[in-house]
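Common to both upcoming complexes is chain A, partnered first by chain B, then by chain C.
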Partner chain A sequence: MDTTLRPVKAARGWGWALPAALFVLPLAAALWLGAAEAVDARAWSHLLSDTQFAAALAESLWIAVASTMLSATLCVLIVTRLHGTRAWQRVQGALGGWLAVPHAAFAIGLALLLMPSGFIARLLAGVAGWDAPPDIATVRDPWGLGLIAALVFKELPFLLWNVAAQLRRVGQGAELERQLQIAATMGYSRRTAWARLLWPQLLPRLALPLLAVGAYGFTVVDMALVIGPARPPTLAVLAWQWLLDANAATNHQGAAAALCLTALVAALAAAVVLAWHAVRPAARQRWTRGDRPSAARRFEWPWAGTGAAVYLAVVLSLLFMSIAGVWTFPSLWPSHWTLQAWAGVAHSSSTVGVTAVLAIVSASTGLVLAVAWMETAPAHWDARAAGAVFAPMLVPGVLLVAGLYQLSLHSGIDGRFAGLWLAHSLYTAPYAMVALSPAYRGFDPRYQQTAHALGRSHAAFLLRVKWPMLLAPLAAAFAVAFAVSVTQYLPTQFIGAGRYATVTTEALTLASGGQRNLAAAFALLQALLPAIVFGFAWWLGRRQARRLHAVAMA
Partner chain B sequence: MPPTITRRRLLAATAALPIAPWPTRALAAASWPAIEHAARGQTVYLNAWAGSERINAYLQWAGSEAAKRWGIKLEHVKISDTAEVVKRVRAEKQAGRSTEGSVDAVWINGENFLAMKREGLLYGPFAESLPSYANVDTSGKPTTRIDFSEPVDGMEAPWGMAQLTFFADSQRVPHPPRSMAELIEFARHHPGRVTYPKPPNFHGTTFLKQVLLERSVDRTPFYAPVATERFARLTAPLWSTLDALHPVLWRHGKQFPATNTDMRQMMADGELLITLTFNPNEAANEIAAKRLPDTVISWQHTAGTIANTHFLAIPFNARAKEAAQVLIDFLLSPLAQARKADISTWGDPTVLAIDRLQPADKVLFAQGSMAGSVVQTAPALLEPHATWVDAIEREWTRRYGQ
Partner chain C sequence: MLELDAITLATPQRVLVRNVSARVAGGELLVVMGESGAGKSSLLAMLSGTLPDGFIATGAIRLNGREIGALPTAQRHVGLLFQDDLLFPHMTVLDNLLFALPAGGHRAERCAQAEAALARAGLEGHGPRWPHSLSGGQRSRVSVLRALLAQPQALLLDEPFSRLDAALRERFRAFVFERVREQGIPAVLVTHDPQDVPAGAQVIELRPELDDA
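Right after this comes the complex of A and B.
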């Protein structure tokens, strides 16, 4: 067996360097160029003396911390309560669909539902006797509650999906059941077992997804523009506005703000890690205290039902708004319907084609890079690569895009499909990596040993055994990467010199004209494309599971 | 619908600029037939704000005409903010790309024009040597030659006219307020139903300038650069008006809508009673599209409202300079201008002097009044000197922006 294995190991060698370089080199160059724009003393003094800076920063911190804490708490609560039940299966089944709805589209739908002239206010108007929409800030509220709600609804599925991926790792499921059983035989309730035994093991593994959630809440622009506070706006929105200003000095101020956001994300992450280490000894004492809290039966909130209802309501409100014409308050039904928006969509069908081709090409590239890395680099290197992998998620989009644009300009690929492909792949690769790695790294090594022992080449093993067995996670990772590509706005607009219109750029330019039904129609379209791919991935996964099951039975 | 939507900070540095009596003629000595010949087969990437599908459809029509007549391919690069284009051309210049630029023509005015002109990012002068320029109403519409106090100097060609206009549903607002004093009175009677976009949004700042001009006895100081020592005294009427107005505004004047397009939607929903626009035909256009009820009416303040012009310019590094000029010349022709002014197409007022046109061309502009259009056009007020904009925006943010 030894002789069969050696050539395989030798083949690894420096193979990892290629996927790493293809990803890291453009990323590092872009970050360098982006950060260089912020190296300007005057920009920093302008930033610090800007009257909106302090308030915007405080607002951003509050929104990021509140949305992350709330999402994490709900995630812990839901997994503890539902794991091992049929409801958990239902939640897992629905996650793909929820993840497929782009953040901006979700925010638009939620804002349409909640706004003072939205459907909910109209329902209340009959009871409250309003003849005009109430003068209350239900969206774009000064406390950022609307944005926090939208973030929680979008981030919770992402966290649950990460937990599910962790639990799906080979052997994890059985190990978890074993630990729960041991705890049960020792008289611990299921909830106590989760709290003292399983979460302390799981949470450190969720550190990076949680950090991504926090960083996203801190730096998000598109959702904040739709549903976030307006006076002051969040710091990320200010940075974005400054970076897009016609004035070069204001651009530098924007770059400084973006760099400031990046530094704060790093500081927040460090603070959380320190806090974790500080509370660990005290927590450990509590976990190992040995008392047996009673398992009080409480009312079981229908989590899956609630999630499904919110997402359904958001999608329906988008559909409704896309065809509503004149619709005076407080009537529940528009007096005119119009299909103009959908006629407009049909008219720009080429954008759907551009979006799909770009997403397929860059999602495939991202997936290939992720697989190539995991095939050539040992598992314990993943931690070393984490910084680079998570950079596109953690660095504020505006800063990275500014650098990517400079890079494309100097290499002459701006305004070309190749430039867009490169830029999108930088975003799809890390998501593909994160989505794939639990299943891929957890693949039972004994299959490889057996295949090689039977004299199969490594290529044959990959093509005939490993990849077919991992078809479901591969397809799911592709779907995630596809969705990521579809939702890119800034890189598409800048590196493509505006020449390649996708459903997302179209939706946002139309939204700038305040044409609500067109914006709603394109938001739906933005959700529909990833949903189709997620659906296909789900179908592939189920078919493959049946086949594997049939083989195992035979 | 002017393409500039955001800040105009750069104007802060603007000193008093003398207005050249006559701009120099085009730098290229090439004859028009030679330009037309060179244009054949070129592709023009026209970067234009694309927030309205009617404008997009109009440009599509212009593209098909240009293809038929001169074999020019028009690609509408859809953008949400013209500042993106300024940034892109500037980055291209810094990267040393003085030919083969990504932008051939751009829809522009105000701060973006000033930035591009100052930094040498524009090609020209070209506008006044276009054959169609002869019909531009430069005397009746002086803003075609002075863009926000900046002499145009032929570096951009006028494309359409804009004037601050209010509109509302006559079912809810049967007697619209026709002056600032009446608007304040109206707001007092309808608390929470009147507002303006948050400055430095383009329309928000315009509203402030309108208040300032209407509430000041002597307007002449506003057409000279702002003097710091006189700023407080001269703008006092503006702040006292706003102090009186804000408590009865939407959200008690503590929040403001982001844009006037948001306000249009809020007006349609009944959340606001009155909204404002720079396109006098916007309401008529929205009624034709069945997004507003046909009971909506438009008006301007009787004593006059702020007016300006929006333009088309060619970047210094454009790849298809000839085709861009031919296209812009076509967009200035009576045929294209009349179609643009047609309310069911776009409703953007023409820059041409209609009385100077051939009878056959005059007929193109004959359009009866439509539901929602302005019945009685008010006098046009010129924009205050550009330096006032930044000073007013700063003071507004200091007083009300936190």
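Right after this comes the complex of A and C.
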């Protein structure tokens, strides 16, 4: 008998094109329209001749470089010192909580602590004998130190989380651990082994998170409005103010500044890659010199404790400020407490409603897009999609928002809920994808073969087997997407044209307007709403785990 | 000379090794045999100082008269070979060897030393290559060279042959035993395969004590 062998081709339709198009088309249109806004010779000449431009640019560069270098250095130091100890377990356990505090809420809380009439100054006043707040800019300082501090405290947990994820990757973590053992048998201290073996392997894999940290520090607006330098503000804040201006020519200048920021992010990333390749040969000489520096036991800084203390102080200062009444300067305690701010929050309960509905709708959209993509496209296509997925995280917010505004204008959804839904979903979808893909792509394909071999349809497999089994990661991805939506400031303010207030827009508007009590209350809500959803996802995951465990035990 | 004196090794659940003593002279081989889970690898980890928390270990380990049982791994001068070659993927073959070689002398001298080791192992000119471009057998040989260039006073082998296919295995085994003799250092080999045991080697057989509480 003559049989011909044909390669079996998986039947793969064009299903992937729908989620891809729903995400990529508006994203590409927004980027195109944003860039098009900036293509205007007059706008560029205005921008370059603007009296604040050079100083603002220098300031933005300084803040981005300082905060990125500091976060990266601290991350390397902490992991090198703590990895393999109980303290590292403690840090890893605390990371989730630190990451869950939104950037803007953190900046507002830190500003309340640091400001001249803040708690720290009051503590010092007792020692130094001040009877009035010190006359120095401790929050919106011209050096951007307050913003740098806020950025470092927020970015460091993000970098540590990324390192932990790399070390946890199946197979890799164990392999790196044995490389450390091999180096130890050759007489290398743990610290030298990390410096010469592990970091050279890990740092290239952390390129994307590091780029995200640098780009964020360079182009952040919401934190900078609260705790960044004021005169001049950073270039991103200037761009934002120009985009909000009533004058169309000024809007173009804002778009030009946004494009300028985007180009500089790309240039900085290229410069870092070139620098890495330039120093590599010298570094390799050092790695292989063969010397074994002794592991000098130095004072061990309590990193986990410091991080916990800072975050606790920030959240407490928000809570404290939201219920503080009259509070004369040097006294550590307000003369009375008041629930006025919370009454104000209750009064504008529609704000919380809008925030929650918008977040639920856009998080669901993001999650559906991510699942639809992963169900229809093979795993190795994820690398091809990476450019689109990471664009909303890496492209400066001011540029993307300028383009999204044009897009919503052209399609008549500016200032409407639909416009906000579109804008928020472009941010929630990539985060849902990144949060979900390890579990979703790691799902054992044999379950599908088993279900199909049992004669069940694909829909039955998804509804009765796969999604129930992946309930915990699906819920976690939804929570991440929900938090991303709640904390959006630029698109909410700009596309919503000020007609839709969320806890985030309220907190930032009130904070820059000096209404501290109400701003603190809204900032707390900004942290609280995502925390509730994270808690729910965590509970679902635990219930699921217990059920599966009970089944396994039966 | 590596001396194990009344070694006992246990987890809170059971005793893995009970009162084992042995003396391994330079160039000689001690083989530790046993089923998987019998505690062979834990015994090696105890000798190299990489035993995780939760084990209870007693007894003395002496290397050339020096008591090493309480020293950190980096001060024991005990080389270690795993099943996997564990060549550092971000370094060339030559850099891997230079990493192991103690400091001192000019870079050119150190390179010459590493290249001479490669040549003796039939790997001339492989220095500039990346580990992933070598065959499995070549990688295994480089990892042995690397362990020995660090000038250990004893070598520990954790089933280093089990990943290789039969033909390669025979040759690689001979290669390793020859190096150990050449270097004149004591070696401890952990394996579950009786074929790995060369003629005349000391053998310790570990049997799990299932009834122990």
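Basically, the second predicted complex is superposed on the first by the 414 of 554 C-alpha atoms of A that agree within 3 Å, B and C clash if a C-alpha of one lies under 4 Å from a C-alpha of the other, contacts with A are read in each partner's own complex, and residues count from 1 in each chain.
Heads up, the rule we're going with is that a contact is a pair of C-beta atoms (placed from the backbone, for glycine too) under 8 Å apart; a residue touches a chain by one contact, two chains touch by 3 or more.
Note that this is a predicted model, so its numbers are computed, not measured.
In the superposed model, A:Thr502 makes contact with neither chain B nor chain C.
In the superposed model, A:Asp414 lies in contact with chain B only, and not with chain C. Once the two complexes are laid over each other on the shared chain, residue contacts for A:Ser71 go to neither chain B nor chain C. When both complexes are overlaid on chain A, the residue A:Thr51 reaches chain B alone and has no touch with chain C. By the touch criterion defined above, A:Tyr405 lies against chain B but remains apart from chain C after alignment on the C-alpha atoms of chain A.
In the superposed model, A:Asn251 makes contact with chain B only, not with chain C.
Between chain B and chain C, the partner in contact with more residues of chain A is B.
Of the two partner chains, neither chain B nor chain C is touched by A:Thr365. Contacts of A:Asp291 after superposition on the shared chain: chain C is touched, whereas chain B is not. Of all residues in chain A, those touching chain B in their complex are 51-52, 55, 116-117, 132-133, 135, 137, 140, 142, 230-232, 241, 244-248, 250-251, 325-329, 335-336, 338, 340, 344, 405-406, 409-410, 414-415, 493-494, 497-499, 501, 505-506, 508-518.
On the chain B side of its complex with chain A, the touching residues are 5-7, 9-10, 45, 47, 49-53, 75, 77-84, 86-88, 90-92, 95, 97, 102-103, 111-112, 115, 192-193, 198, 250-251, 254-256, 258-262, 264-266, 268-271, 289-293, 397-398, 401-402.
For chain C in complex with chain A, the residues that touch the partner chain are 48-50, 72-80, 82, 84, 86, 88-91, 95, 98-104, 107, 110, 147, 150, 152, 156.
Chain A meets chain C in the complex at residues 175, 178-179, 181-189, 196-197, 200-201, 284-285, 287-292, 295.
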